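One chain, subunit A, appears in both complexes that follow, with subunit B as partner in the first and subunit C in the second.
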Partner chain A sequence: MADDKDVLRDVWFGRIPTCFTLYQDEITEREAEPFYLLLPRVSYLTLVTDKVKKHFHKVMRQDDVEEMWFEYEGTPLKWHYPIGVLFDLHASNTALPWSITVHFKDFPERDLLHCPSNSVIEAHFMSCIKEADALKHKGQVVNEMQKKDHKQLWMGLQNDKFDQFWAMNRKLMEYPTEEGGFRYIPFRIYQTMSDRPFIQKLFRPVSPDGHAHTLGDLLKEMFPAAIPQDDEQKKYQVIIHGIEPMLETPIQWLSEHLSHPDNFLHISIIPAPSD
Partner chain B sequence: MTGERGQGSDGFCLDEGTFRLGCQLLVQHSRTLDDGWSWEEVQGSEEGFLKKTVLAVGRTGDPPAQGGSSWLGDDADTLRPEEDQVLQDKDVEEADGDEEHADSEKASVIRYEYHVLYSCSYQAPVLYFRASTLDGRSLSLEEMWDNVHPNYRTRLLQGPWDTITQQEHPLIGQPFFVLHPCRTQEFMTPVLSAARAENRSVNYIVSWLSLVGPVPTPLVSLQTGLRGHGVTYTWTAKRTMSETARYLLESRD
Partner chain C sequence: MEKWKIHVRAKLFQRDCQQKDPFNGLFNTYSRLLEKCELRDGLWEESQESSPVGNDHVMESLREKLQLRLQLREGELAREKLSQKVSDLTSSLYLKEAELQYCHSQVSRYRKEALSLARNASSLQSRLLECEYTLERQSKELSALRAECRALQEELVGAWQEKEQLLERWLEEKREEAERVNQHNDAQERWHHFTMRLTRHLRSRSRRQSESKTGGQCHTWTATDRPTVTED
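And then the complex of A and B:
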């Protein structure tokens, strides 16, 4: 359906207006002005913040600058999660622009992965794609690709080239028609209520008797509390790319259309606002 | 001993139940040897992981400017073959006098942590590890490799250990180094198919540990000497993958 193709574009071009502010205890030679940027939801923080780094470096002494890292209201932001996931998980229902604090000291070793270069992001991204394909096709599609095909996926993301990325990514989205979907759905369910960063298990898109599994079926199995009971108020919001999809949506469709470029369906579960 | 062979025509997969059983048996046996493997439960779920912590003396450099994950490539290690024979397995707990580095002013006690998790995506066990000084500073991968004997380092680069990256521990959310599991089936297949051909039972976890054990471990090895499992495994950085495989295949009860 032509409409469904538009969904891919909408997902790809999702942006979050963001204001970067230097942490108050960083030592500067001049006052550091905040820096505003539209962040692509499907990209990674460390991949799109070169300008932020340059901006703040200008007012700092070289000696006071170590690896840059980001924090939102006291929570260090994991660069290896897609930006949209970080926003949905930590900052949904807050006023825009998203206000991120920038640090150049005291890297939180226990919380964050180091990101010394873009090649580390590329390795992480490709490792996600491989894992997703291990689930979807036993890794056969990604293994049959050539190195330049892998590069095309990465360059597509890095340079924000939708067509370049999808020309290759559509191969990762194929499946035998008679099977009605992938072998397993690559998904991760995030919530901030425990130390465990996310839930990831095996889940098939189609039930043994041939019914298409829905988002609701997935949640029932992985996080039943997220499904509202008839008689009580909604306790949680289930968010993908900033929206709350209907629980009746087939999980295979979601996997094909609302997955991030890393080929995982990232689902955030957050407490429902109490008002 | 419960034997485990992967089912299915397409290789030797490990399902989660078998993983847990293999871990349990290893922990039981480990307890009798007091060698430190334990099972950690994740709160609020039935999932968990195998864990071992080791203290050893090693060198630590200055805190690295950037903790990278690229340790490959550079040092053309000067091989000193005579030392190859000299190195022996030592019990880590007694390793308070690592002579070779004792004169270094930066010698200090390092805490190594090894976790074995189950990956449902790859249907295989995955090794997560990290090291820190006792005051809590994490070691970079480079620093960890600095504590592996140069002879071993060179050999290890030939093994499946060229795919180590820093990743988030999926159960506790902290950064660890990870040996990528995508080639696990490839190197487990010869071991398991040989066992199957001979109708011999093998604890997948024990066999697997003996193959992946030689990741950046301290010079003094993680001797575990689990015997009576159909294989004997010793965590040293001594064997290349194929050597270890051969060793495993040859070892019998």
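And then the complex of A and C:
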């Protein structure tokens, strides 16, 4: 685990260099300069873009300002997905910095949820944690926590405090040694080429005969096309936190170390680049 | 270390080398400059509102004042950042202490677990020894019983053979006895037959004698004559 703490740190401190540009049709009093920001992969867009909002508000007429939303190459970006997932899903094979367009008008009601304040993000984040714990420990760990412990998890994410977050999140990652893992693995599989938001099913970390399930086993059951057959060219990339783990990686270890702060293992499946 | 774990660590390192490290310094400098710029903008706006239009001397003193205020604001900002850092470090220290305590509690828990496991292991070992001893004893008993069974089986074979012989002898005896009885019966039958003939003969003779005496119809007996039935 001593070595594995480095993995937790690398996951937490993953950053994406981003350039925010105001949408060309937005009416401004003077020309809007782009705004550059290193976005934390594990956070949410609307949680870390206060400075972006402030920056563009300066050049806009107050009457023309509505709720801010983001778009990448015509796709509205869902704030309730972690930033790293959005990048891996839509822009992982493009040049950096990631270029996001900022809008203050024509909110796409069909595609995005409204986010009037940080308390909405907090509610979403805590509900994800509770859902994940229901899968892992029948919700016992999160229910035994006090209100201040829940707050510590949220404040850890909000203020980007690794130690503060993991001091509490550690409890959510524990399991009885004799069981060899969680009850079920909280995971979500995202695909760009599907209308379905994500795949989420029950999946145990250990097989009935006591073998540890791997990422390959999970994909074989949930998305078999992602596993290349013999002599076949790879059709899809399976990305978690911007990397492609080996299919032999135990799913329990991945859940403990490569889960997002919401305790879900977010897996992006994108078409492999043709070159 | 497992191959998959080395792969994950290497790929995360590679990811940061491509995505984070080349931009980190640049973006930090950009953010610092932006902060400075905002500060100067704010001061400039303030000074524009407060200062009336004047001669060069007044402008010079204003510039100096502005410079001083800028230095003051920058100092304040630096102090704010430092105090924030101190507060962060203090909370981090508290967290580390809590973590240390947690680690200590984990160590003591694992020690207890290890002790109980060791105790269990020793009791299991003694049970294993007992079982081994019982097994050895029972295997000895089994081999003795097997030898006894073998001897008994041999005896059984002998007894069986003896029984067969006796049966054969008994049957032979019975057969001889039956033959003897048959012979005796034959003799008896012959004897009985002769007795019957003799009786008949004697009876017919005595009748002829009595008839010759009385002058009645009689049949003369010759030596060659066969006994005949006399009709009254």
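Just so it is clear, the second predicted complex is superposed on the first by the 275 of 275 C-alpha atoms of A that agree within 3 Å, B and C clash if a C-alpha of one lies under 4 Å from a C-alpha of the other, contacts with A are read in each partner's own complex, and residues count from 1 in each chain.
Here is the rule we go by: contacts are C-beta pairs under 8 Å (C-beta built on N, C-alpha and C of every residue); 3 or more make two chains touch, one makes a residue touch a chain.
Bear in mind that the values here come from a model prediction, so they are computed numbers and not experimental data.
Chemist: With the two structures overlaid on subunit A, would subunit B and subunit C clash, or do they fit side by side?
Modeler: After superposition on subunit A, which the two structures share, subunit B sits beside subunit C with no clash.
Chemist: Report for A:S127: first if it touches subunit B alone, second if subunit C alone, otherwise both or neither.
Modeler: First partner only, subunit B.
Chemist: Given the touch rule stated above, what does A:P17 touch, subunit B (first), subunit C (second), both, or neither?
Modeler: So A:P17 only meets subunit C here.
Chemist: Per the contact definition in the header, classify A:L258: touching subunit B only (first), subunit C only (second), both, or neither.
Modeler: Once the two structures are laid over each other on A, A:L258 reaches subunit C alone.
Chemist: According to the stated criteria, A:D25 is in contact with first (subunit B), second (subunit C), both, or neither; which is it?
Modeler: In the superposition, A:D25 contacts neither subunit B nor subunit C.
Chemist: Can A:E232 be said to touch subunit B (first), subunit C (second), both, or neither?
Modeler: A:E232 contacts neither subunit B nor subunit C.
Chemist: One more residue to check, A:E178. First (subunit B), second (subunit C), both or neither?
Modeler: neither
Chemist: Report for A:I243: first if it touches subunit B alone, second if subunit C alone, otherwise both or neither.
Modeler: second
Chemist: In the overlay, answer first, second, both or neither for which of subunit B and subunit C A:D6 touches.
Modeler: second
Chemist: A:L135 contacts which: subunit B (first), subunit C (second), both, neither?
Modeler: first
Chemist: Of all C-alpha distances between subunit B and subunit C after superposition, which is the least, in Å?
Modeler: In this superposition, no C-alpha atom of subunit B lies closer than 28 Å to one of subunit C.
Chemist: By the touch definition above, which subunit A residues appear in both interfaces, subunit B in one complex and subunit C in the other?
Modeler: Comparing the two interfaces on subunit A, one with subunit B and one with subunit C, no residues are shared.
Chemist: Can you check the complex and tell me which residues of subunit A touch subunit B?
Modeler: Of all residues in subunit A, those touching subunit B are 66-67, 78, 80, 109-114, 116-117, 119-120, 123-124, 127, 130-131, 134-135, 138-139, 186, 194-198, 200-202.
Chemist: Looking at the complex, which residues from subunit C come into contact with subunit A?
Modeler: It comes out as residues 1, 3-5, 7-9, 11-16, 18-20, 22-24, 27, 30-31, 88, 91-92, 95-96, 98-99, 102.
Chemist: Under the definition above, what is the set of subunit B residues touching subunit A in their complex?
Modeler: Its residues touching subunit A are 10, 42-45, 65-70, 120-122, 137-138, 165-168, 170-175, 180, 182.
Chemist: If we count contacts the way the header does, which residues on subunit A are in touch with subunit C in the complex?
Modeler: It comes out as residues 3-4, 6-7, 10-11, 13-17, 36-38, 96-97, 161, 163-164, 167, 170, 241-246, 248-250, 253, 257-258.
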